[in-house]
Amino acid sequence: MARKEYAFYPGCSSQKGASASNYLTSVESMCKTLDIKMTEIPDWNCCGASISYAEAGELPRHVMNARNFALAEQNLPGQDILATCAACWLGARESKERLEHSDVLMADTNEALKEAGLNIKVIPEVRHMVEVLIEDLGYDELKKPVKKPLEGMKFAGYVGCQTNRPFGIHGESFENPVYLDKLIETVGGEAVPYDQKVTCCGGALAFSEPDKAQAQIRDIIESAYDNGAEMIVTPCPLCQANVEVYQGSINKKYGTKFNIPVLYYSQLMTLAYGGSAKEAALDGNVIRARKLEEFAGR
Amino acid sequence: MADMKTAAYICKGCELGTRLDAAALVKTATKEGKMHLVREHDFLCSAEGVAMIQNDIDNEGVTHAAICACSRRAKTEAFNFPTTAISRGNLREGVIWVRPDTDEARETTQEMAEDYVRMACAEVKAMTQPKGNPNTGGVKTLLVVGGGISGMTAALEAARAGYKVVLVEKTGALGGWTAKLHKRIPTREPFKSPEDNGIADLIAQIEADANIKVYLNATLAKTAGAPGRFKVDIAVESGPTATEDVGAIVQATGFTPYDMNKLPHLGGGQANVVDQAGLEALARAANGGPIKRADGKEVKSVVFVQCAGQRDTTGEHLQYCSGHCCNTSIKQAMYFKDGNPDIDTVVLYTDLRTPGNGEDFYRSAQNKGVIFSKGAVSRVESAGGGCKVKFKDLILNEETEAEADLVVLATGMVPTSGPDLDALAEATRVAEGGDEAAKEQVIQLRSKSVLNLEYRQGPDIPQFKHGFNDSHFICFPYETRRTAIYAAGPVRRPMDTAQAVEDATGAAMKAIQAMENAGLGRAAHPRAGDLSFPTARLEGCTQCKRCTVECPFGAIDEDERRFPLFNESRCRRCGTCMGACPVRVISFENYSVNTVGAQIKAVDIPDEFSEKPRILILACENDAYPALDMAAMNRYEYSAFVRAIPVRCLGSVNTIWITDALNSGFDGVMLMGCKHGEEYQCHFVKGSELGRYRMSKVYDTLKGMNLEEQRLMDLEVAITDIETLPQRINDYAAKIVEMGMSPFKGL
Amino acid sequence: MSDMNQQMAARYKNNFLKEVEAQVEMGEWVKMCMQCGVCAGSCPTNFHPGWEHPPQEIFMMIRAGKREEVLTSPSMWMCTSCYNCYVRCPRKLPITHIMHGLAEYAYQLGVAPKFQPTQHLSKTFWDNCTKTGRVNEVKLTQTLYFRDGLMAGIKQGLAMKDVALGLVKAKRLNLMEALGFGHKCKDIKGIHAMLAKARELEAKRKGRQPA
Amino acid sequence: MTSVVATNQTILVVGGGIAGMTAALEAAETGKNVVLVEKNPYLGGRTAQLYRYFPKMCHPTCGLEINLRRLKANPRIQVYTLAEVTGIEGRKGDYTVNVRLTPRYVNDNCTACGECGKAVEAEVSDAFNYNLGKVKVAYLPHAMAYPQRYVLDPSIVGTPDAERAKAACKYGAVDLDQKEETVSLRAGAIVWATGWQPYDAEKITPYRYGEFPNVITNVEFERLADPHGPTGGKILRPSDGREAKNIAFIQCAGSRDENHLRHCSRFCCMGSLKQTHYVQEAYGDEGKSTIYYIDIRAIDRFEDFYAKVKANPNVSFVKSKVARISQDKDGNPVCWGVDTEGYKRYATTHDLVVLAVGMEPSVKGVDIPAEVMADSSGFIMADPQNAGIFGAGCATNALDVNRAVQSATAAALRAIQVVNKVARAEG
């Protein structure tokens, strides 16, 4: 019997072969150590993300999330929904909030859900993995299993937007959240201070407005370098991808020589807990974190 | 005084005993101060030391005591002997704390201390302890002029405190402008909607209150007398003139809206353009139903133009902001929106000013769909069936226009404060020269008078800025220049009804206080409670009228023989009259030409070969003297050659003190007074200015004595000049040394 | 679509603020703006020269009835959903959602700027994820690249080749998905029925004819 | 044991700032007996911590001197400092109030000679200067502190400094045996004048107060400009002591903001306009001030003052609420935002940023008797039940000094109405 059980909502990008598959792998290893049990919500669907607003309109977006609520409630009663993706978490939480505050929306939503043979009475809590780690376990609990502290390694904790605004992690400030720095320190690493911690990476506009997005990504990486970071750590798949994969084109555009690995907190924790490079899915990084790979080898 | 028994007390605490030769000070007080009783004590302000003094008063019959210890500003609770004349020799802050503790300084420091002992003895002997005059008038009825919300509030609040009130209203009904309001700006949470103007209830309360006597259709024909004994003639339309005895006055005569006909470019005077008062009338006429224009058309769209003829930089219109208009327009926009949300209401503003909880009211208006645009209006023209408002949208940065059935101009408040006394005085001066136009002007100005005071200095209370009867002081909003007469409400300062209620209550408080103190012969602010008062030896008076002209408070009239006629309860005890008198016949019991003159004469002047100049400092007791004290507390040193005497105000400085000082061999005189001019700091209004003006005359005297002008130095000192003041003193001392000793020594 | 545009303008008697309040997600908040400009300053600022119109200006334009200018503006489409404006607004306006809502409305009315890339992304993304209930990243990328025709697509593709290769190497891009071997929901039928209903209800509530 | 002489005809005034002093003085000068309690060791409150007043640029200590003289001359007022009301029982016309007196460790014998201050060594941060500087553990709070008696910081007890202070005092004024005590007194009416506190700037996270040393508050800036402040009146940057010549003033820092204070604090616009004078006074044409604002609220005749400042070429106005502040490599604060008049982006570097923080009522969160009604911002409202407890000054609303004094004068009359009624009833 695991000490914590959750209705797991991995989200599209975390699936096998998808852009954040390494996130999922490392999360699974981490949770194994922490004895967190995650049961995937059967037949869950995409949250629609924030970008679909124009085509989707309002209700369809909420209905997409509502379907997941209904499935979770039906199959995993009493369990909080646990998301690892910042966008999934935000999208689902927004829908929850909106539905709970509007009887009209709620009624329409249930009418639409009926078409899929579903309906919702109570909407489960929607939690982000980071919330669960901090609020349900706490930094002390997270520190206990540390076998190999990541001593002498400097990380820039890149929080970005969607785990931070508008809901954020309880008790954190929008302008200078420190939970990620604390997680880094919990596993023995050093969190460098830098002023682009919550700058937007451009989000989905990395596709549609690459120049503008990449200008922001450049600022983020530059600041991380300037403050002595060897690696960047993030809780968000889109942040991870944007900041990692465009370094090449940014170098072309601005003549920079960026080559900084961008990792998930879950990868660091897996390693600190003694996990292998494989378990931490270090092979999933486009810019390989050599230093960590060696560390894992030791 | 036959039964005068004097005593001097020399304190040895706070290192006075070690830094100074106390025995020598005792000797000085005995031999030179000629005190009947001289005692020293190790710790004079201790219970034991105080008991010693009290015992001398009780059992030795001491009537006059010179306490030579610390500054008069220190240990006031300990050295408090109400029935005894007390002078304070300032040996601590005045001497040892501003002098270095070195052997070479010892001699001059001791000389300084001995002089302060001499001065304290001399001063106290010239003093008598004022007992106060209980016969200055004890009427405890309050006169309130103006029956608007301010006046009615003042009347009711005074009545609630148990005082009788006479309320005079010039129109046929109570209520004033507030009664003309459809509703008023909310005064309580949630600050979301206009609330009832509350006037009916106030009127009912007034009518039910036996302590309040109301005169309608009435004005003041004459106000004679002084606080505690005013006699007012009340002219009642179609009726005999009534006379009332009152003790104090609250002037709550309100305002009139700025005439919008002066704003043709904003459509003032056009059909379909009203001012805020006009809109209130339309709203009342609609009585909850749809608001209609004068031509009967239902208003479907309305534009509010803020700051119409206000915050004007051209000099043509009102320079000031009337404070309430933003909230008022918000309120009026709600008249429309609450009735019919589909009516377009636009407020054009440059700075929206809704202080405090007004912010909630602003938000509520937005929530109700009132549109606020930051725009500068250039023209309002009639177009089609309504108006076209041309303005620059400051956010979208473009010239644009809005159409509306009705335009409301937020014009400002113009106080009903009577004639400008300076203008009147000037006109009167010219008129006395026989100028007919001036005579006309005098009549015309006097016809605007509200109070018709029978005061030498004019029929109304002086105006401050823009015609408002406000106080000049931030800390003292009710510091009036006519004792026991207080302005309240929009006549004092532009304000809304809620503020007017608060203001009227405060004014009533001050008026009640003034009546109570007048009855006891006590002064009003800022020398509150002072029992001393000026008397004149009329035998010596030359009827020069300087005292009557210069009194900042209009306390002195002239009797039929043109002698000064003092109205004690109007007097604020500043001593300006005393300083003004060329023949020195005016004095207070405890502050006179003599109390200061004697101190000057008491100072020991070394001969001219001693290289020890003497510099007299006459320091304003409110700013300069505390600054000197605080410099001492910080141990900032200054010259041992100065001898400082606190004065009530530079205005009380009589030039004889300067000339006496210079004649008796002082080498220099420093005057320290507060800022004068437009932003004057003097709480006796023109005191420091007058003092300085008179000093300018002394320079001629100096020439006559073949003395350098620099022998007299005039410093403007603020209470915060703690560091700079000692430096300025030392610079002056150096200059005097450089100049050489005065030739008048030992003559 | 464009006749729907005229219909709407007519329905609200050219009172654009009222139209926005009724039609745009969170549009009822527009009137609460006090023009402090915090939103404008909070928007990621290296978007030089910035947007054509920042949020607070758009709100002012709405109040000033500049319907055409607002709906055809590219500004709303620049929103990265970073929520900086949202959390800093002293009047608590949900600005991010209002921006999305305005974009959505302009798009539904068919007056949004043509070839606006984010608009295309939005449609592509939604179609992609609702087709099977889950995102097919390869197809998503393809559609994005090839929106302007084959050549442009190849060019784009080449430009992004390194990115793609990197992801493939890292097993984070599965080209097999291109052939339809992607992740899918089981109850696709149910999802489609549910979404069709949702669209119908929303159109009904907002008085828009179904798209 | 302290004993307070008071009856049901006594007026209790809580708070010894300018509002409380005014209420006490106006009542006493009308012949009423007053007990004035103040939690600080001195009277004067926040006005004593201001350098100058708008619009006259005169000095608050001038008015304080007058009020202190009125107080010293008036035997009807009993003053208790280091005193806080802990409970009120009874009703209009007959209250029993508990007041907690914290030890000063210095008794009436003190002559303010300063020997104890010289003798002690330890220092504590200087609350009077908003902790911008330090004071000895035996100190006189400020040059015009009344009562003019030294204070021993509680931390001194049981330390060698305590013995040093005791030994240095020739007058037996240092009394280390003083204990906290609670006295109970009667009153017929109560004036609640507990004033305001500056809004906690750290809560306005985009401005990074507390993190960036060169971001300070308007109240702190008053102390910097004051010749008796921690810098001797020089306007220097906290980070490196360099002269701050290019200064940003950010309006509505906390005010008019539903995330912070809903209300407009009224005084801050005028406060910043005033403070641009300090910059001009200190650096002449080299001193540059920039005011970032939403609406300039220079109400009624204060408009004159605004006009004067606008005419100063060294002062510029930007209609914009600054979105965030960053810090460059030299520790200069950079203001980011958009000038809304015509939409211009800026990222402007300044030497120093002054946050015009708003007013929060001090009563907020403090346990005051149920009879006192506060609005949702914590300001005391006029009580419809017409009880015997009346708010005065900034405890009732966001007010400037002039209006606070007005309000206190009105409150004095309301209190007098109650005790006069009691007096009439008791004949």
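Every chain is named by a letter (A, B, C and D) in the order it is written, and numbering of its residues begins at 1.
Methods note: a contact is a pair of C-beta atoms (placed from the backbone, for glycine too) under 8 Å apart; a residue touches a chain by one contact, two chains touch by 3 or more.
Source: prediction; values computed, not measured.
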Which chain has its C-alpha centroid at the greatest distance from the C-alpha centroid of chain C? B
Between A-D and A-C, the pair joined by more C-beta contacts: A-C
Just curious, how far off is chain C from chain A if you go by their C-alpha centres, in Å? 22
Geometric centre distance via CA averages, chain D-chain A, whole Å: 47
Let me have the rounded angstrom distance from the C-alpha centre of chain C over to the C-alpha centre of chain D, please. 51
The distance between the C-alpha centres of chain B and chain C, rounded to whole Å, is 65
Multi-chain touching residues of chain D, meaning two or more other chains, are 206, 256, 319, 324, 340, 343
Touching at least two other chains at once: which residues of chain B meet that condition? 352, 374, 395
So which bits of chain A are touching at least two other chains? 174
State which pairs of chains touch, listing all of them. A-C, A-D, B-C, B-D, C-D
Can you check the complex and tell me which residues of chain D touch chain C? 206, 252, 256-260, 294, 319-324, 336-340, 343, 345, 347
Residues of chain C touching chain A in their complex? 25, 44, 46-48, 78, 80-84, 86-88, 96, 100-101, 103-104, 107-108, 112, 117-123, 125-127, 129-130, 133-135, 137, 144, 159-160, 162-163, 166-167, 169-174, 176-177, 183, 185-187, 190-191, 193-199, 201-202, 205
Within the complex, which stretch of chain A touches chain C? 12-13, 15-22, 43-46, 48-60, 62-64, 67, 104, 108-109, 111-118, 161-162, 165-166, 174, 199-200, 202-205, 207-209, 212-213, 215-216, 219, 245-246, 248-249, 283-286
Going by the contact rule set out above, which residues of chain A touch chain D in the complex? 173-176, 195
Chain B residues touching chain D in their complex are 13-15, 43, 45-46, 70, 74-77, 80, 157, 160-162, 188-189, 311, 313, 319-323, 351-360, 374, 394-395, 397, 465-466, 468, 470, 472-478, 493-495, 499, 502-503, 505-506, 508-510, 512-513, 516-517, 525-526, 528-529, 622-623, 626, 630, 633-634, 674-675, 679, 681, 683, 718-720, 722-723
